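Two complexes follow with subunit A in common, the first pairing it with subunit B and the second with subunit C.
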Partner chain A sequence: MLASFGEDFFRALLQGTPPGTVYALIGLGFVLTYKTSGVFNLAFGAQAYISAAMFFKARQDWEWGIVPALILSVFVLAPLIGLTLERLIFRNLRTASAVSKLVIAIGLSVALPALFELLANYKPVAGRPPTGIVPDGGSVFYDPFGIYPFSRDELAQIIVAVAAMLLLGALFRLTAAGLAMRGVVESPRMTELAGIPADRISALAWAISSMFAGMAGVLIAPRLNTLISTDFLTLVIIAMAAAAVGRLVSLPRALVGGMALGWFIALFNTFLPRWSDDYTWLKPFQENLTPSLPFVVLFGILVFWPAIRRSIDAADPLAGVDPPPPALASATRHPLLTLQTRAFGVVFFSFIGWVAFTQADVRWVSLLTQAVILATIYLSITVITGFAGQISLCQGAFAAIGGFTVFQMADRYEMSVLLAALIGALIAALVGALLSLPVLRIGGVWLAIATLAFAFFFDAVMVKFSWVGGGSTALLTGTRVPRPVLGPLDFGASDRSFLALAIVVFVIVAVGVIQLREGTIGRTLRALRGSEVAAESIGISPARARIIAFAVSAFIAGLGGAMLAMQQKDVNYGQNFTPFAAMFWLVLVVSLSARTVEGAAQAGAAFVLFAPVILDGTFLTWLPFITEDNLPGFFPIPGKWRFVLFGLTAIQFARHPEGMVEFGKRRATRKRNERYYARDAERAAQAAAEAGMAT
Partner chain B sequence: MTAILESSRIAKSFSGIQALTDVSIDVMEGERVGLIGPNGAGKTTFFNCLLGVLTPDTGTVRFHDRDISELPVHKRAQAGIGRTFQRIELFSDTTVREHLLIAERVHNERGSFWKDLIGRGRPQADEIDRCDAVLELLGLAELGDEPVEALSLGQGRLVEVGRALMTEPSLLLLDEPSSGLDREETAALATTLREIQAEKGFAILLVEHDVDLVADFTERLYVLDFGSLIAEGPTAETLQHPAVRTAYLGTLEVGDQEAMP
Partner chain C sequence: MHRRLQGLSAALLVLALFAASCGNSGDETSTDDTTTTTTAAPDEGDPDEADPDEGDPDEGDPDEADPDEGDPAVDRDTFVPLEGVPGVTDDEIAVAVLGLREGNPLGTCILDCYLTGIEAYFAYQNSLGGVFGRELVVGDVFDDELVQHGTKALEIIADEDTLVTFSASLTSTGFGDLDAAGIPTYNWGIQAPQNNGRFNTFPHIGVLCADCPGRAVPYQMSLKGATTAVSLGYGVSPESKTCAQTNATAIEFYSDDLGIEVAKVYDELEFGLNNGIAPQVSEWIELGVDFVASCLDLNGMKTIAEELVRQGVRDQITLQHPNTYDVDFVAEAGDLFDGDFVAAQFTPFEYTDHPAIQLYNEWVSQQDGPTAEQTMIGWMNAMLFVDGLIAAGPEFDRNSIVEVTNTEFTAYTYRGLTFPIDWSRQHESASADDRVTHGAVEECTTLVQMQGGTFVTVTDEPWLCWPQEDRSWVDPVEKTFS
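Moving on, here comes the complex of A and B:
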């Protein structure tokens, strides 16, 4: 018994070694960019994906040999991307806040895969599994210890990853650039004081870490059945878990963290199934937990390891000196201008409403409804990111909770779906509040990462439970949801009536959000964002305020998710609520305007209508003389461009944290605004002069 | 007179370096007390221990006969300790009046989620009146609608004072209020503070390096050096104490700085 335990243990260690070395590799790369440029590079997964896909494309479509394909994907393309990002984006953002760098990295991880797929004309195809960097990688095995046969791919993973790490070590110890880089890793400011160009060092670090990412992507690819960009997002989570073990500062510890993660997962996979044979209640966890272990580990490290919290303060010395966000355009707007805007709004929306309710066909009504519902969901981002200043990447999970609750309640108890939607929103609020409890203390960037880990955990584990997503088989056959019936009103009878319901829900939520913004909660959150220490000094409890913000935000997301499920008559988890979708939502809302209700509405419209209206060229057919038959040839533009466009717009976040639309609005109306104020002043002066004459 | 703040035998060390050793400071009701010491004497560390930003290794802080050693920062603020900041801390993107309004609201605990939803969360007329009265007192009445980004440093510090006053503190901790201000501004600040204190009757603990301000403003003085109290007593006497003069003032007489080249 004991002997077999030892043998199993050893086998698990051997099994965990190949992925462990790759994890260590990306953990090192992650720490390297973080320490040299302060960027929490969430786009790391995207970079790994691009190299893996490039390698795949070159091997299978162009039928290149292994070596040229490897050189192109890992040693040319990967560093090129890294250098481009460093030079064009992150070099100019050295003093930006950690959170804005994170938002930009999220934008990049949305934009880069789509951009690559468009430029390289790459489409993930099922049934063509990726191959590794050695011939017959998956079919030839070696068994040096007699208990675990390594495939050639696995041996290649170990050898290449170890070689890359040794090279990095040699570079650090033996070359001048390495010495300088070590200096930058230790203390960028001191290095700059010593006259070493930090820019060049940081470019070098980006090139190296991007190569590490690319190499990791190519090495890990044979473990996947199909190359899909979202699978590579989990690589970032692994990298961050490894990096978190090193508290983001230590390269050797990140290496150990990556190895340990590989071993831990293998041990877990070996032993948990046995325990769950004895304890049946463990079974569903065992089946679902395995793929999500990296997220659980990362979440656990973030929440339960106090050293992480301490390292955050040290890692972000500029956090306290973020430039204040500019006042909202509405705050400085002349009343006359506000009146004009409102008049325009009334005319515009009356027209849209007239078209929607009398002219539009089923497809457009359905698109409009979806836009309104997504705008409702985006109001949850307005609350948590716009008001509370926290980046949450699990809004998709909150929305899914609303959708799944409606499905379960209607399916099991035949409950009224509107009531079920409210219950779903309340459950989401409860989950949001509970989630915020442990992550609140960490704050800032790590809070965003913890919510991302939770989103992945929800995606990999919770959705598969039969009491959540209805079990994996139900996911395939559909999680059907009926349309609501309210007394004599049957919202299922016509899509237009459901659009009306969606508009009513949006307006109620929007009014509530505005009331909160102007009320105690909104003002408390604004004070906290303005200065946390000062807010505490007048008796504001940061934890309480943020728990409320999380709960409210999750409530809104849950309600919106329930509405979306009703509209589509199905939860459609995979299409609507995945972690990637939530990342895109965030990018969309912050690049338009995270702090206003209009911003959420515009983001909803952009998400749903941008592709059919703009990219398909439909807007041109609304002009005279152009019909669908004589549209310019480049229409329809592929829908992926919206990921590229909005992802790249997020880059502006550091300069315009109020959002592009908000910024544009201010600039567009500034002249007129000033003219109105000048006229007011003139009139006041005139009146004063006349009053002076009279006396 | 009774002591409202009693801190006894506070000690704190950072990775082996003893920053504070058995520091005990009392503040009586309505009193103006100073705490001075050269750079690195432990003033800020002590301040943070009082406020709950740092947890002392040993020692207790009592406020109004209640042990507040374990309370978090915001609870101590609610108990009646107001403060200002050495490096000014205002809420960006907010007007002067809004600063006072939020403090007023938090202090009276009139906020609730449901009130917010029905629109009762907006500033109420009586709150605005009280804030305007304090702004008047501080001489900031004209600036109520200004965004704080438009203020001078001296005005900003007054806004901090006003914000703290809205919570009706019985003790106001001033963290180097003269830093960044010139002589006239400092004098004006001292005058305003004295007037307000005369009206409201709260106690002040002033942490300062500007000896002129301390000599002029405080009644009683504690002197820190290397983390220990080296002298305490009425301000004028304490400043003449030999240990204080060697440790802190060197051989200069008070007021001699102007004569320096």
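Moving on, here comes the complex of A and C:
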């Protein structure tokens, strides 16, 4: 019995080693990039994918040998990408917060694979497996213990992971360049004062970390049956637990963390199914934890490991000398400009309203409605990120709670969907508040990762419960949702009437958000953003403020999710609310403007309308003499460009952390303010002169 | 802050009370004021009173037509000018095609292959002189990029310049709007919930029943002499999870008859099998498993097969593949899948003597198209549309096409490419308790095996059928439909 247990245990360890090595490689990559650049590089997977795809293309399409393909993909292309990213993006971000860098990395994780596929004309094909860097890597096995064999590819992965840990450790500990890299991350200004060329050191760091990403990609690829970028992103998210074990600074711990994750999952899959046959109370744990184990582990590490709470983001000690961010443009506007802006707003929205309610066809009414509803959901990001300064990557889960509640209440109890929407929003608020409790003590990038882990847990476990996702009902008819009726108003009778309802909801929420910003809660959150210690010293409770921010934000997201389900007459979870969609939302909102209602509104419009209006060339058909038939040949622009442009938007965030919308408003406001205030001064002087003459 | 929260609570309470007095719209299907809804639901008579000959493909079925010549009995040449029929001019009948090209997480050929099948069938029909004096053409092609099915469907509705829509994607969020707009939508019918109860929507093999235990898997086990099975499904997908349970139920149901059993059900596997499947395979070896009933995608199946090779039991365990009827994929795999079973959703390509396959091969090869599952689905969808169009007569419109299909096509076999489908009943899903009201007359499946990177036939005839109502075990009857 014991011998059998021991053998099973050892076999599980061996079986967990190949996936564990993959996680270790990615975990090492996270640590390497963070140590050398201060970036929690979610784009690591994208960089790894590009090198893997380049290697694959060179080997299979161009029939190159292993060595030249490896040189091209890992030692030329990968560092080139790293140097480009450093020069164009991250050099300007050295003193930015880790959270800002995370947002840009999310944007790059989407944009880079799309750009590569467009430029290299690479298209994944099912069943064409990538080959590794050793001949017959997938077909020749070695069984050193006579229990479980490893392929040559897997042995290569293990050797490279251990060698990388040793070499990189030596680089950081024993070389001047390694020390300089860490110094540049800590404070580029101080290292420059010491005569160290921060730019060159930073470029070197990015070249090395990108090369490692490339090597990891080529090594990992043979594990995949089809070389697709999303698989790399999934692996990166799973491997975050390894990076968390390493606290983003320890290479050996990241290596052990990755291996341990692989072993833990293998042990879990070996023993829990057997034990749950004997002990039925274990069955629910087995069923629900199996698909979500990496995220549960990650969440557990972040919440319960004190070392994580003590770790702080890399921050420039000289950042304190930076001036505080300027006030919102709207707060410094000349009264006349405010009047003009509002007048323009009235005219503009009247025109849009006239078009929407009298001219637009079913497609545009639907798109506009969706844009308004998404803008409502994005207001939840305005609250949690714009006001509270916290990055939440689980807004999609909160929105889904609203959508599923409406579906369940309408399906089971034939409840009014409007009432159900409110209940859904309240449930989301409750979940948001509960989620905020365990993550109260962690902040910055770790909070973002904890919320991402929750989002994936919701995705992998919660959605499949029949009392959430519908179970057998959903199997039969999906998650269909009716439209509401309000007194004599039947919002199911026409899409335009539902658009009107969506606008009303958006306006109510927007007014609430503005009130929140201007009220005590908003001021409290602003104080906490400025200095948590100072805020505490004047009696503000950070915990209470955070719980409120999470609850309000989740309430808004839940309400928006319920509205989206009503609009689409179906929850459509897979298309609307997945963690990847929520990451997309966040990047878009903070890139445009996370602190204003206008930012959320424009993000909603951009998310929904950019492709049909711009990429499809529709805006040109609004001009005279241009119709769909004589549009330039490059329209519609391929959808992949949308991802590339999305990445460019995120990059703009590097230059304008206040958001592109707010940046534009400030620039426009400054010029006009100067003119108006000069005129005011002139008039005042004239009046004073006239008054002087009169006396 | 406290007062504000109180105010907010009061406002929410008022809103809640107001909402509580309200209800839900009964018109779930309306799309817009400007859109006419023409849902042609067939009458649901008592199935017991149905014409006993209804299932006979020879009875009043457009399939009666010679596929090479068209149906001489039906007038398909009469030209009648039509006004106000979307997509129809004096010269052309245009259709829309909506599918997945960019962002396919499986890396398989979907939209392009599907489109080729439709174009090949249209080319064949146009070679016969078109229909009612008009050429059949593909008007607009939309790539839904995985997440835009609903949006693109609305574009089709708004454009109103195509007669019908063809759809092949991994998502189908636009089916509700298309159906509500009265647009006949022919599709790759893998999404039962989105097709169920929609009478303008024509999944290629009728609406699937996700939880109806069938006899195909137990039969495959008996054919292989296997006795002990595991059943696999992804936890994240309700369809896959239910499918795994259904396969297990089926095996247990015929356990005494065939001497087979289920050792274990794994219906909670993580999508993509990122962590591999090594511990599970080790457990199968301990349990003496010799058959794997699966509800996984083709990439997942390859991961399993490779792990079986690694642990040295590939020869001892047979895999049942639900989604691996992909010539290129299997060719790339070489001998990895040798001896495994695949069930195609139509008469397999390997029955090269079948007239419908010959016709398909002739016209698809003229389009330089691949021998692919999606190409065949496109071909079949186009065939049903054209047959409905011809049956509707020269003064056709969307409504009449749907109407005639739903009332007259009661044993439609796509000229022998499938078992008979009764479109007067099969727009709704059958259930495990009642397979008759909305199910096929017979339970039929195809079966091919993989050998050396190719597919080979297992039986002389392409279809194996069992009686639907009597669930006791009998050996299947081999059939060829025509």
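In this section, the second predicted complex is superposed on the first by the 509 of 695 C-alpha atoms of A that agree within 3 Å, B and C clash if a C-alpha of one lies under 4 Å from a C-alpha of the other, contacts with A are read in each partner's own complex, and residues count from 1 in each chain.
Keep in mind that, in the parts below, contacts are C-beta pairs under 8 Å (C-beta built on N, C-alpha and C of every residue); 3 or more make two chains touch, one makes a residue touch a chain.
The shown structure was predicted, so the numbers you read here are calculated from the model rather than taken from an experiment.
Once the two structures are superposed, subunit B and subunit C can be ranked by residues of subunit A touched, with C on top.
Shared-chain residue A:Arg480: touches subunit C; no touch with subunit B. Legend: residue contacts after superposition of the two complexes on their common chain; A:Gly512 is shown touching both subunit B and subunit C. Once the two complexes are overlaid on the shared chain, A:Glu536 sits against subunit B while remaining clear of subunit C. Shared-chain residue A:Ala216: touches no atom of subunit B or subunit C.
Of the two partner chains, subunit B and subunit C are each touched by A:Ile521. Once both structures are placed on chain A, subunit A residues 512, 515, 519-521, 524 are touched by subunit B and, in the other complex, by subunit C. Across the interface of their complex, subunit A is touched by residues 1, 4, 8, 12, 15-16, 18-28, 30-35, 102-108, 143, 145, 147-151, 154-155, 157-158, 171, 173, 176, 192-194, 196-197, 210-211, 234-236, 238-239, 241-242, 264, 266-272, 274-276, 278-280, 282-283, 298-299, 302-303, 306, 310-311, 326, 328-330, 332-333, 429 of subunit C. Residue ranges of subunit A in contact with subunit C, taken from their complex: 8, 11-12, 15-16, 18-19, 124-129, 138, 141, 148-149, 151, 223-228, 230-231, 234-235, 238, 262, 265-266, 269-270, 273-274, 286-288, 290-291, 361-367, 410, 414, 416-419, 421-422, 459-460, 463-464, 469-472, 474-478, 480, 482-487, 490-496, 512, 515, 519-521, 524, 568-570, 572, 574-575, 611-612, 638-640. Of all residues in subunit A, those touching subunit B in their complex are 324-327, 512, 515-516, 518-524, 526-527, 529-531, 533-542, 548, 552. Listed in rising order, the residues of subunit B touching subunit A in the complex are 51, 53, 72-75, 77-78, 82-83, 85, 89-94, 98, 101-103, 105-107, 110-113, 115-122, 147, 149, 160, 163-164, 166-167.
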